[in-house]
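Next, two complexes with chain A in common: one pairs it with chain B, the other with chain C.
Moving on to the complex of A and B:
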């Protein structure tokens, strides 16, 4: 099979997108896992002591989340170039949604550094007393977690569009694209529900599982198998043949 | 010369001007705001700011102007290098747009803290210790924001200088210096985020990109970009 330069570039970017799906998920997951390890629920002092003991590790966790946000730009670009031939305008719209997502997640990571500063700054306890710094931490954590949900909506709009274009294209097995689309729609619903009914956060958070599985599977598929351009080519030939028959 | 090439050269000259303009605006903003600082004395700093609030706000507004003009720089660089590799140029543009948005949002933090600090000082609602904590939090947040936006800026800059180097659109030594300087920027930013007590020597990491941007800015403004080598490559 001989590919044109554009097709070769499309395949390269699809592999980049596959790698970045895995990398972004890994960066977010490891960052959140590291940061959560330090959390002692309801005990500000104990959490602060834990962070002070291993500040470098905590900072690596926060930076890892930021790297996830930064890498989203590479992921979005890889997906954009891959699906652009299907529908240029929808692909651009999806790219823009994901760029807004990257900006918002990048800014949100600032709040996590504010929380760090309050935890490690003993001057806050001197200046604000022993209980008030925890109020500041709670406020920043609330901004951070609600911000995650709002920024997540931009991510989901982009994700829905990219999976829709994959479904339309036959670049990926249909089942995989449909699963990704279903996962993205499900998280959109659970994200909105989480904003409205925060008391059910733990249950609603499970809604991310199908999309997580879909992203890892699609990531591996794109990285190892790339995209199937032949079926698109055949599809184009079929439609041209059908038109000439008419 | 085709109309596309003419427009490419025009945008390259605009990019050269914007490089120099942005550096001037940034330095002027920092010079103005740092004049108000009295190290270790937040009450005196706030007092000075309140005395010349307009000038201080002008310094902050230059930060907003910087973010705004970063979009113009990004688009002009994009048009100048788009013909070399459309996708990489778009990726670089995407990074620079995210940088501009994040930079503008980080600038908002300065306005918010200014208001909070002046209110707290004039009403006496916070004592000296609390006021110092607030200022301390502000400078910490400012440093983290600076590191984050610089990482984003560096990512776009790496790609633009790589494209200049690939196409031989400007002298290779300038493009290589720009590329080297751009790689140092995110490294400095990450070190600032990760290390609990970053060394002051890290600031030296900005020097190569500063030198590269001034020289490339002047080159693009006066000499434009070299389209011949690109044309020869296409013909061969």
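Moving on to the complex of A and C:
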């Protein structure tokens, strides 16, 4: 099969998107897992001691989350170029949503670095005593976790649009695109519910699982199999044939 | 871009305008830093009236860099349209982060200015909380630098691949990008400070001067634009 330069570029960008899906998910997941390892709920001193013992590992965790936010720009660009032929305007809108997401997650990582400073900085405990720094940490953590939900909504708008465009195309198996779209819609609902009913956070948080599975599967599919432009060509030929018959 | 638009465009003057805006950006950064704006702001300097000059400079710099970004997008579009667009996105995200973090300076100032609502806290406690907001600003500055680092790296690559600017400028800009990316690991960036900022400045100043004095080779720019159109 002979591809035009544009199509070759589209295939390359689709593979980039596949790789970045996996990379971004890995960066976020590993970062969050590392940071959570240090958390001793309700015990500021124990958490601070744990962080001081392995400060480098904790920093790696925080940096990993930031790298996830930064890499979203490459992922968004890869997805945009891949689905642009389906609907240019919707693809651009999806790209813009994901760029806002990257900015917001990048900014949110600020708070985690400042929490680290409060944990290890003696100037805070000297001036504020032993109990008040934990109030600052709780405030920053609340901004961080609620900010994640708000930034997540921008991510989800982009994700819904990209999966919708994949569903409209023949680039991926329809079932996979539909599963991704379902996962994105489900997390949108659970995210809004989490903002309204934070007491159910632990249950609502599980809503991310189908989307996680969909992203990893789509990532692997795009990376290994790439996009199926041949069936799009068949589709075009069919529609041309249908029009000429009319 | 059509063939007629390429034929009537004047890339040399466009490049000089981009260079002029880059120079304005650099001058604003220098003035803002001297006035105590940006990452040079401290708990003591923030109450000085010159802080507002630094604050205005911080915001002005964002506007002028956004203009540079738009002009560079058109300048490097003939080299690689998609990479030029990706570069522009990185720069605009850096600008957005930098614009947002200015709020932290205002928060620190509000705490240090005191007021009836804050009388529950001792001056020392307010000072520590203001320090936290300045810390948030500085961390945010580092995050913006990482976005700008990706931008400089991509611009370096585009210059290297272009036929209308010397390749050595691309190498300089790539080093600028790498210097900015040191902010990815804040302790590493702090250890290299101020050499990392000096390397960054070298690349950006070299490009600015070249664009202002020499501009670009208009013939080669048009050839590359026409070739990109045919692809």
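Methods note: the second predicted complex is superposed on the first by the 246 of 246 C-alpha atoms of A that agree within 3 Å, B and C clash if a C-alpha of one lies under 4 Å from a C-alpha of the other, contacts with A are read in each partner's own complex, and residues count from 1 in each chain.
Convention: a contact is a pair of C-beta atoms (placed from the backbone, for glycine too) under 8 Å apart; a residue touches a chain by one contact, two chains touch by 3 or more.
Predicted model only: the values in this text are computed from it and were never measured.
Enquirer: Mind checking chain B and chain C on superposed chain A, clash or fit?
Expert: clash
Enquirer: For A:5, using the defined touch cut-off, is the partner it touches chain B, chain C, both, or neither? Pick first, second, both or neither.
Expert: After superposition on chain A, A:5 lies in contact with chain C alone.
Enquirer: In the overlay, answer first, second, both or neither for which of chain B and chain C A:142 touches.
Expert: neither
Enquirer: After superposition on the shared chain, which partner residues are touched by A:117: those of chain B (first), chain C (second), both, or neither?
Expert: A:117 sits against chain B and chain C alike.
Enquirer: So, does A:106 touch the first partner chain B, the second partner chain C, both, or neither?
Expert: Both partners, chain B and chain C.
Enquirer: Please work out whether A:63 is in contact with chain B alone, chain C alone, both, or neither, and reply first, second, both or neither.
Expert: Both partners, chain B and chain C.
Enquirer: Who does A:73 touch here: chain B (first), chain C (second), both, or neither?
Expert: Both partners.
Enquirer: Which positions of chain A sit in both the chain B and the chain C interface?
Expert: Common interface on chain A, chain B vs chain C: 9, 13, 59, 63, 66, 70, 73-74, 77, 81, 99, 102-103, 106-107, 109-110, 113-114, 117-118, 123-124, 127-128.
Enquirer: What part of chain B is in contact with chain A in the complex they form?
Expert: 87, 90-91, 94-95, 97-98, 101-102, 105-106, 127, 129-130, 132-133, 136-137, 140-141, 144-145, 148, 151-152, 155, 190, 193-196
Enquirer: Sort out for me which residues of chain A touch chain B in the complex.
Expert: 9, 13, 55-56, 59-60, 62-63, 66, 70, 73-74, 76-77, 80-81, 95, 99, 102-103, 106-107, 109-110, 113-114, 117-118, 120-121, 123-124, 126-128
Enquirer: Flag every residue of chain C that touches chain A in the complex, lowest number first.
Expert: Listed in rising order, the residues are 82, 85-86, 89-90, 92-93, 96-97, 100-101, 124-125, 127-129, 131-132, 135-136, 139-140, 143, 146-147, 150, 184-187, 231.
Enquirer: Which positions of chain A touch chain C when the two form their complex?
Expert: 5-6, 9, 13, 59, 63, 66-67, 70, 73-74, 77, 81, 99, 102-103, 106-107, 109-111, 113-114, 117-118, 123-124, 127-128, 132, 136
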